[in-house]
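For reference, the structure discussed in these notes is given below.
Read from first to last, the chains carry the letters A, B and C; within each, the first residue is number 1.
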Amino acid sequence: MNDVLDVALRLLVVFVVFLTFPLIIGQTEHKVMAHMQGRLGPMYAGGFHGWAQLVADGVKFAQKEDVVPAGADRRIFQLAPAVALLPYLLVLLAIPIGPGEGAVGEVVDAGIFFVLAVMGVGVLGSLMAGWASANKFSLLGGLRTAAQLLAYELPMLLTAASVAMAAGTVSIPGILDAFEWWWLPWQIVGAIVFFVAGLAELQRPPFDMPVADSEIIFGAYTEYTGLRFALFLLAEYAGIVVLCGLTTVLFLGGWHGPWGADGLGWVWTLLKTAVLAFIVIWLRVTYPRLREDQLQKFSWTLLVPLSLAQIALTGIVKVVIQ
Amino acid sequence: MSSASTVLTSAAGETHGFLSPTGVEIAFLLVGLVTFGAALVTVTTKQLVHAALWLVVALGGLAVEYLLLTAEFIAWVQVLIYVGSVVVLLLFGLMLTRAPIGRSPDADSGNRWAALLVAVAAAAALVWVVVDAFRTTWIDLDGPAAGSTEATGASLFQNWVLPFEALSVLLLAALVGAIVLSRKTKAEMSSPPVNSRTATKSSRPVTESSQSVPGARTNPAEQEGAS
Amino acid sequence: MAPFPGSGLAKGLAVTLRTMTRKTVTEQYPDVQPDLPPRTRGVIGLFEENCTVCMLCARECPDWCIYIDSHKETVPAAAPGGRERSRNVLDRFAIDFSLCMYCGICIEVCPFDALFWSPEFEYAETDIRDLTHERDKLRDWMWTVPAPPALDPAAEEPKEIAAARKTAEKLAAAQAEATPEPARSPKPAQSPEPAQEPPPAPSAESTPPAPPAPKPAPKPQEGDA
């Protein structure tokens, strides 16, 4: 009985995090982006500096009509948002926030593989949406999504493998237990490659060709309205949470901090995640969108060799240490 | 699949009755049925993209089966490679070539019966081999996980090092080949213009490659633009 | 230019970060009224004392949104034995702001400065007919017209003031010649000084009369003088 309660509590906490953190990041994006452009951003909803803007957006989306185009493949069209969103919920389960068994939703033995595998599945949602909309722009968006995923899955995997090599385990809490501060300079190239490849997989600017609004309207999501559209947006922001959390946990040492590691580990994790999320927003505001061929070239000629070099470095250092 | 089952043969139990199934066994059977059904739909449906999506269900079902057998590592790798990459590649190819919404009337090759025959024969051979190999071996699921990453790694690098290394060399060759191919097209782009579009691209003094291969430029106008 | 690869990227990041720490330029309009400069094209005010019903504005208006009605009156002779004069009296002056495109031509062409830009812009209506502002409303807008901005420090003096000063100086010179001794000094005074609102009048009687109500340039009166 106690076990059941424990599991239920953990699931509830993860679910609440899943629902709130993306909104917090979305609101931060509103505000940070506005100030970086010399604006104020939302100021009305909720009274104080528009804190409830995304809640208001959610209410608006819920009121909108749910339209399915006449020529669309109905079932797949309606299923796609769930396929896009649910994987991120599952990934959140495996990200530890503090030391010990109590601070992770579910200890997964092959944590890295679980996380990367499930994140890859989320892209299927965009593909399904792109194809099932019966819209040429959606199809183009879906194609770009797929091409981007194929290009960026590899460097992500390779750099994650580098960390796993360094730690000698593929379990995420295990990696964190083995973490030392000098891993930071050791794995810094891998961290950058992982983060950039993750951005590309999430289709965040400057890698947002699949939704490039000036070229293909909104890519795979062009035909979506109402709640289903909101779910796609939520998936994007949940993806930011997951990517930042993963980078924190794999490369930045998660709950390890210069001081106060005991009991305050979760603060460190959240702080690092928040800083990374800020960087995601910052990059979006600063850089223009890459072209599709530039993106592919960037991945295959820069990120993949860099991640291979990182693996080689990791291997050499590992052997030398032992 | 066979490699997974060889990993899992560690524990052999005493006699197990068929009429006292545990929850895991029931789940295994149900997921197996779903996987089988999805696989059947995959090969019989006339909607191409639906076939690919049903393939996702079938492959995901297989992953769940691995999980139920405590082969966690294999399960996640299955999802990562097959659902995450192979199906995406498949869908990419389908969408790029032809993927009408609705039925494709020409999705039937006409070799329906031959295909069925081959499939049944292959399935029979596999079932026969597996049944003959393991007979009444039972896997003790309650003990230490036989398919954990550690167990899989140990088995892989103690018993199967040579095939593993051969495979990895093959994959590395493919990877390096992909990089070389993309580099090569880039080098061609910065050489004298093949058509007008590449000419405009190469005349911009932006990419680092344009500096690295100055000898390839013979067009004086381009050199002027690059300086 | 670039000392190391990627310095341009870093520069971009620095720009956005710097902007974030600066004050925003957003005007929170309904809560805070915008601080609009004079001559902002908000609404057109009519100073009807200056209007002579010459109809230039109505004729030049590209979309014909100005309506003017008038009649003639005869004014009795000012001096005994003089001739009676006729004068145009304004009956109706209306601007249809649903047609107006805010080009400002009417204000430009008005020879007697009877029309002015006012920065007021909150006159939306639920009925399009209410956007035709009649004479009284246009007169009310007149009281919202701000003073024109000050001239640039090195700017040329306004023509009207220059003309007024010249006459004043001429008059002063004539007076000085008439009474030889005392008035020698005011002549060279302040001529190089650039732009002062009222010309420094050495003799009070020669200055033009102050314009009646609004602050804008007192052209017509000076033309008369």
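Just so we're on the same page, contacts are C-beta pairs under 8 Å (C-beta built on N, C-alpha and C of every residue); 3 or more make two chains touch, one makes a residue touch a chain.
Since this is a predicted model, take the numbers as computed values, not measurements.
Shared contact partners of subunit A and subunit C are absent; no chain touches both. Innermost chain of the displayed assembly, by C-alpha centre distance to the whole-protein C-alpha centre, is A.
The chain with its Cα centroid farthest from the Cα centroid of subunit C is B. Inter-chain centre distance (subunit A to subunit C, centres taken as mean C-alpha positions): 59 Å. The centroid of the Cα atoms in subunit A and the matching centroid in subunit B are 23 Å apart.
In this assembly, the C-alpha centroid of subunit B lies 78 Å from the C-alpha centroid of subunit C.
The multi-chain contact residues of subunit B, meaning those touching 2 or more other chains, do not exist; every residue touches at most one other chain.
Those residues of subunit A in touch with two or more other chains do not exist in this structure.
Across the complex, subunit C is touched by residues 32, 34-40, 43, 282-283, 285-287 of subunit A. Remark: subunit B residues 49-50, 53, 56, 72-73, 76-77, 79-80, 83-85, 87-89, 91-92, 95-96, 99, 101-102, 145, 148-149, 175, 178-179, 182-183, 186 touch subunit A in the complex. Residues 71-73, 76, 108-110, 113-114, 116-118, 120-121, 123-124, 127-128, 130-132, 134, 139, 142-143, 146-147, 149-150, 153-154, 157, 169-171, 296-297, 300-301, 304-305, 308 of subunit A touch subunit B in their complex. The residues of subunit C lying in touch with subunit A in their complex are 9, 12-13, 15-17, 19-20, 22, 24-26, 28.
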